[in-house]
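Residue numbering begins at 1 within each chain, and the chains themselves are lettered A, B and C in the order written.
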Amino acid sequence: MVTLGTETGRAPILRPMQSTVATAEPSGVEPTSQVVLEARDLNVYYGDFRAVQDVNLDCHKGQITALIGPSGCGKTTVLRCFNRMNDLIASARIEGSVTYHGIDLYGPQADAGEVRRRIGMVFQKPNPFPKSVYDNVAFGPRVNGERDKKRLDEIVERSLRGAALWDEVKDRLDASGLGLSGGQQQRLCIARTIAVDPEVVLMDEPCSALDPIATARIEDLMQEIKQQYTIVIVTHNMQQAARVSDRTAFFTTEVNPESDRRTGRLVEIDDTRKIFSNPSDSRTEAYVSGKFG
Amino acid sequence: MTTTATTIPTDLLPGPHSRRQRRIERVVVAALVAIASTGVLVTTGIVASLVGPTWQFFTARSISGYGQEAVEVAGADPYAIPADDNPYAIPTDDNPYAIPTEETGEEFVLRDSSSIDFADESLIQYEDPVSVREFFTSTQWYPQYGDADFGVLPLLVGTFLIMLTASIVAVPMGVGTAFFLSQYASERTRRILKPVLELLAGVPTVVFGFFALLVVGPHVAARIWPFSDVGIYSGLSAGITVGLMILPMMATLADDAMAAVPRSLVEGAVALGATKREVATQVVLPAALSGIMAAVIIALSRAIGETTIVLLAAGSQAVWTFNLGNEMQTMASYIGFAGIGDQPTDSKGYQTIFAVGLLLFLITFVLNVASRRIVARFREVYE
Amino acid sequence: MSTVEVVREAARISLADTTSRARRGRDAVFLGALWLSLLVAIVTLATLVTSTLVTGIGSLDLRLVSSFPSPFAADAGLQSALFGSLWVTITSGVVSLVVALGTAIYLEEFADPRSRIQRLVTVNIQTLAGVPSIVYGILGLAFFVRKPFDWGFTVGAAAATLTMMVLPLMIVASREALKAVPPSLREGAYALGATRWQTVRKQVLPAAVPGIATGSILGVSRALGESAPLILLGALAYVSYNPTSFASDFTVLPLLIFKWSTEVQVEFRALAAAAIIVLLAMLLALNLVAIVIRDRSRISW
């Protein structure tokens, strides 16, 4: 357990790792699990173009929520709303609300940097920094104020273990992160994301650039860490969603008859088992049974 | 089961470290904006520095000289102050710090007459403002002389002739070299030649000027000019050398333009059985035309502004002539020539530097804008 | 012919070259013209190099670098010009790098891409890049030598003038270097909660260092070889001592070459050529450093 920070009355810089989770129920039956992230009536615009329409979804603590659907249906757009990465696009704006534990992510009580510390992201193509393995993992804590070398060492080791990468790199922490294989690089990215001790980890198609063996390792890793880190994953691989997630949200695109442009919308969100065996909406059924997409 | 009450956050506000980072960022951005504004300031500075004295050149009277009596009447004793501190001293050829010791009544010109309080203005000699008509229509340019003439036409003609010669040298060879590089040369040749061209483009102009004095002037220009006798200094020598100087730049820019032609166009022509020549002249050339034209204009603009080579190769006489075999001056080389001496800041001779400089700036500015317009207009056709 | 033979004739496929002789003739002429222009260019430039080398190599000795300019060719050397060049170009290189980098960082990382200030600064840079170098000399003469700054014909005025001249080039190079850093690097940093400045300082700038370094070397090379603006700033004077401060009189290598080229005595020709060799050697060394940096940095992504 790592104790940090000296601010009075505020959470420490990096919250201590939780050893137990509030509502640890076997996956599949969570009637009382806590909602961590919630989107209500979310619409996302790029300039005048509405990319995503009327999304209502919630992600529960300790679970993996998967966002699936054909390409262009806005799953990544929605995901990036959860950690305010869409702020980086000048023309992007949202209507509706996105909340984290009830706090409006886009409101005055939320600072973008702080949001991203609590809600981390792993990207589709592994993007380790052109620095050493150690410096990759230590970057987040350093940027958030951690200076003590011993504590950084502990955090780095803990995070690399948490990402199932420690044994492979413990002897070459000074080697460049770019020298690792694709699967290792992605686990490095996961390690650096959990190094800042987030509550949620967003994953944008994390395995699409990896080979099947590396993919399997990451899927295993996801299951290991989901108790500590609520995970929201975008994937275009249905089988992965079915294997890995507790709840699944299915998106589709609708063509706007006037402008001939496609807008994404959420069709349904439910327990994964239900989505894949007995979905409520026929479009969901068509997609998961392979009739299209 | 542990409660999560203490670990549910109520806000996402930044902690002290983050707050400090944000404060730092605000300061940094302010500093960066200030720095970025200097770019704008420089342009303003250039225009301002040119417009003021030019305005004076055309509208104000300048003091051209006054007898020593005028200075003595004003109460100033130019000989009492040490040379370096003496604002009234002017350097002569014999001794850079000498104070003139002419007899009373002899004229001399002071460095900065604005600091003198004349008691008797009738002793002052003035130069009249230069009329715009004389500036643009007179064919005599003798601004440093007693009975000065301020017709800029000789400089304009000189500039034009040298620019023309340079373009005759640089454009065909430059475009030819670019054709060779982009259509005929192997990848290995290209990899060697391209950096060599970039290196050549960086050779200082004074080196070319020296080459003009050593080789081009006496041995090339003097030999090949059929219309008159040519000495070591000539517009032809300067023109050829300026052409050589802009040749690497012309070749590189033209090659960039040709390399930007989409491969699909080229491959389409090759697939139809066209020879390399036909591909080069009938497909690549038209497609790259806007880029090549822009390159030509940039190269010509460079030639117009060239000072050192012309100063070394074409002499220092602003001769009114259309004969390339003669000595001549360009706008740029006149400015350099005038600037070597140290003239009083409010004399017409000094102000010519600014008037000619403004003209030069305007001409190159128009060319600059034209080259960008051309690129923009032609680009639409192919994209 | 029998039917079989007719059919065989018709079926014979040939891939022989069918270009007409005239067409092939034009090809040859064109290629010949290209070779000719390439040849002329190469021959001329080779003549330039060899004539300079031949003229100057004899005078290239230690005495050249250890002596100062003198009216007597036998005693003359280029030390004051060498040091003057170093003072002026290094100062202008450093100052223009700071200003250019600041401008580039602001434009690329902080300013809204569609904002007015972007367009304003970009247009300004394009205008400045097309201004002849002698006009920068006029600017320096009017502003730095005379009032308002009133520095006189000194190293400081020269450095300030060259800084402004080299600035557009440096800004463009710095912007390109920053643009070359992949966006995924920035995204990775933001996603960990870094502020924009933290990202720029800790990730973008270190990654852009090779590009920025090559850009500054380009700027310094340009400043080293300049002659025209410095003519107006008093560098053509006869200076026989090294600069001691920014208020010193000075001369630079290109202008010493200029002066020696125009001397009446023939011996100065050889000295001018030797000085050219020194100048070109310095520029070549700079360019090689830039090429090495550029090649080394290819490995990064």
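The rule is simple: a residue touches a chain if its C-beta (ideal position, glycine included) is under 8 Å from a C-beta of that chain, and two chains touch if they have at least 3 such contacts.
The structure presented is a predicted model; accordingly, all values stated were derived computationally and were not measured.
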| item | value |
| --- | --- |
| Distance-maximising chain from chain B - centres being C-alpha averages | A |
| Distance-to-centre winner among chains (Cα means, whole assembly as reference) | C |
| Dominant chain pairing [most C-beta pairs in contact] | B-C |
| Inter-centroid spacing, chain C versus chain A (mean Cα positions, whole Å) | 48 |
| Separation of mean Cα positions, chain C and chain B [Å, integer] | 16 |
| Chain A and chain B: spacing of chain centres that average the CA atoms, whole Å | 57 |
| Chain B, residues touching no fewer than two other chains | 18, 21-22 |
| Residue list for chain C, restricted to those that touch at least two other chains | 193, 195, 198 |
| Overlap residues in chain A, where contacts from two or more other chains coincide | 113-115, 144 |
| Chain B to chain A touching residues, read off their complex | 1-4, 7-18, 21-22 |
| Contact set on chain A toward chain B in their complex | 5, 7, 10-11, 13, 15, 18, 20, 22-24, 34, 100-101, 103, 105, 109-111, 113-115, 118, 144-145 |
| Touch list for chain B against partner chain C, complex | 18, 21-22, 24-25, 28-29, 31-33, 35-36, 38-40, 42-43, 45-46, 49-50, 53, 172-173, 176-177, 179-180, 184, 195, 199-200, 202-211, 213-215, 244, 247, 251, 275-277, 280-281, 298, 301-302, 304-308, 311-312, 332, 335-336, 339-340, 342, 345, 353-354, 357, 360-361, 364-365, 367-368, 372 |
| Contacting residues of chain A [partner chain C, same complex] | 83, 85, 88, 90, 113-117, 120-121, 123, 125, 127-130, 139-140, 143-144, 178, 189, 192-193, 196 |
| Of all residues in chain C, those that touch chain A in their complex | 112-114, 182, 184-195, 198, 202-203, 206-207, 300-301 |
